[in-house]
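Shared between the two complexes below is chain A, which has chain B as its partner in the first and chain C in the second.
Now for the complex of A and B:
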């Protein structure tokens, strides 16, 4: 079985270790049975079947983004992503179908359009409240309540390297902290060179 | 000629003789009854011995069950015909098939969401065995068919469709007539079928083929693939071989109706 790296052309400038990591990540993802079922990539005419199909697509898209830690998606690029394009069976979701799936995700609260033309979106395979909870747990577990952190320290610091929220993109990090703020567990503050947060 | 007496005495004598005969008859009947009781006692003991000896075998060995069923058929007995009585209570035959029937229903319900209520006998067999665990009794495909026939007789919407040397088990009372069945059989080879293939193999008109395929789509038994080279393909999840080893996915589990 010949294998094609995702976004091959874009990644050709990446370091070998990064490409290997991408490769491992790709291979370790467990595809659901529908993924290799050719009709899965055709929007089904029967209403009940389509419902099942869309539910499965939403679940697959979220799992995949979670696995690859993708926080944004571009509709045109998505068409070439392994999720929506199964080269092995030569089937892929049409742009229209991808938009239908994305609309489902939006209705469920897992997706937000960045632009009016609906070409790029934020993908939330975890809700801000859930991220906030994880971050707060880590802070309290390490006895760092009342400490101040920069946003960068939280998402990219050495200390958080093994945490799930490591690598979290700033827009999502901010929303998570805002959720904590609403619960009275944190306060977002402005520092000299950016934003920071204090936990209570 | 000396006439026999028809006087009162003669009548009385006759009556006495009759009474004696009757008594003898009664005595005879009593004898017989005692004899028969004794025989029944012996018979019952034999049956109980037979039952206890073979109850284990019935539960353990599918081969024994087949031979047992065949024997019953030759003497005109259906061990599954009634819930009570010797066969099901003492031998536990009814229990065995009843429990198997429940298992079959569970498997079919769990997968109905995926395959629309149609499953190959092979896949059903695999999943039933899996559900019984490593140390459980052996269950053969013959056992499954018998249990399904019983379920069908109880009006559970079950049916069996012969395809390509084996069977498809239908667990939802979707209306499937001969036309549908024959198309399912055609689809069994590759897991999908096209309008052209139906027309070639069955010599039908296009309308008839489309009508059947539309019905299968409507019943949730088939999915449409518009990206195939040439013409649309109609795929049946039930026949999709990759399904055999896969468990029910979490989202499927959430969407299962009880």
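Now for the complex of A and C:
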């Protein structure tokens, strides 16, 4: 099974505990009832039925990505991912159907295409504003308002290890901070070796 | 084979050879005669057969002994044959290869083909009956036998005679049927005159075309198969013929429809009705036009066209809700069904079964699972 690993950390090697965590995460995902219902994998012609089906797919895709902390998806890889390919009942969503689901997600604001050919996309199972709020909560809870952080510290620092936003990809982190910035709660600054942020 | 007589094979005074064919074996009824393969000869008076190797072995039978004959097509490993049914041998028949036989027919087996031409010539001779007008110098002993043959009305001979009469009857019918063509031509003449008068009236703008003429014209057109849209508007639709036909269909189709769950594809109806009729078959256009009149005639049947274009006749009592309900029940009970399985369950054709499932899906009660395994329908749990 090939899909993007949750930790796109090129520098650190994955520790054995992380690998185990990953495995446990995979196994512990609770699939919704639709996942084992064969018609779920056929794009329904009946309009009303299709709406409900797509809603279920969007919800499943987002919750899976959230569970596995996936931030980007590749369309071709997605076809083989367990989300869209249920090997147990031998059904998988066709490429056309996957694109329909992705389009739905895009309309809802949970997906953004990276390239014009629509082969890769950003998955936002949590909106930037929501992330921003989470980060800010952590910052204020630890009394670190007025401190300056590098982006790396926030997403990969030891202090944030237990936080949900730990491992957040840079592009998403940036957008979240930009959202906070818009609310006047943070300011993105340029440091010697990258970007940083100050919270107010 | 007991009708045959030994002969020297020479033709008589007024007898002429019509055709001969080699490679023929004789059969006594269904069994091979105890003779070899030889040459069969047809003359104006007799049917002769001679052994190829032994020319002295020659038998014959007068043509008058023949009641009737027919072709038997070749099969795998079997040559084509001509089956000849014979009158019983007269008492004073001269000796032949068989004293008696349990069969009253013989067969000529054409091992080297030639049966088609032989059959044709034999037919000709049997029609012309030249032996009657120019009797051969030797007395034909079969004439006495002929009379005795005729008085028998029972048994094989009777059956054979009936068959012959039936054939004659069929011939007569065919020639009568062609008489209708001449009637059609007369009607066409009437139509042409009528249309000419209408055309000229329109041209001269002289008065209106009378109501009577209009109706006559339209009925002609419809009887010729040209559906007149004006008629449908003003008179509902169709002609008297279609109305009658619609009523007849209403009677015929009740039972079959009920057997088949209240719905039949129009093609099934066509086959059923025409098979029942035997003669005077319906054309597809007539059938469709008649079916279209069900509603206006308040008959308990309906012609229905599905989205896919499939046309069916269904019982009025057979409401849509019922069909959908039965589809939902069956699918829920079995968990999932394909069109074939559903059809088998309800005794429907696969086509109609699929239509029902599609209808239920359209109404949102079923959903589909389309995979390499085929198209299956599930209850809509979404």
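In this text, the second predicted complex is superposed on the first by the 181 of 200 C-alpha atoms of A that agree within 3 Å, B and C clash if a C-alpha of one lies under 4 Å from a C-alpha of the other, contacts with A are read in each partner's own complex, and residues count from 1 in each chain.
One rule holds for everything that comes next: a contact is a pair of C-beta atoms (placed from the backbone, for glycine too) under 8 Å apart; a residue touches a chain by one contact, two chains touch by 3 or more.
All values reported here derive from a predicted model rather than from experimental measurement.
Undergrad: Following the superposition defined at the top, how do chain B and chain C come out on chain A, clash or fit?
TA: clash
Undergrad: In the overlaid three-chain picture, which partner chain does A:59 touch, first (chain B) or second (chain C), both, or neither?
TA: Touch status of A:59: first partner only.
Undergrad: Between chain C and chain B, which one touches more residues of chain A when both complexes sit on the common chain A?
TA: Counting contacted residues of chain A, the larger count belongs to B.
Undergrad: Applying the touch criterion given at the start, work out whether A:39 contacts chain B, chain C, both or neither, answering first, second, both or neither.
TA: Both: A:39 reaches chain B and chain C.
Undergrad: Which partner does A:91 reach: the first (chain B), the second (chain C), both, or neither?
TA: both
Undergrad: Pick out the stretch of chain B that clashes with chain C after the overlay, from 40-48, 166-174 or 184-192.
TA: Answer for the clashing stretch of chain B: 184-192.
Undergrad: For chain A, which residues belong to both interfaces, chain B and chain C?
TA: Common to the two interfaces on chain A: residues 33, 37-39, 41-42, 44-46, 48-49, 52-53, 56, 90-91.
Undergrad: So in the complex, which bits of chain C are touching chain A?
TA: The touching residues are 336, 361-362, 364, 367-371, 376, 378, 380-382.
Undergrad: In the complex, go through chain A and note every residue touching chain B.
TA: Checking each residue of chain A against chain B gives 32-33, 36-42, 44-46, 48-49, 52-53, 55-56, 59, 90-92.
Undergrad: Enumerate the contact residues on chain B facing chain A in the complex.
TA: 113-114, 192, 217-218, 220, 223-228, 233, 235, 237, 240, 242-243, 246, 249-251, 255
Undergrad: What does chain A use to touch chain C in their complex?
TA: Of all residues in chain A, those touching chain C are 33-34, 37-39, 41-42, 44-46, 48-49, 52-53, 56, 90-91.
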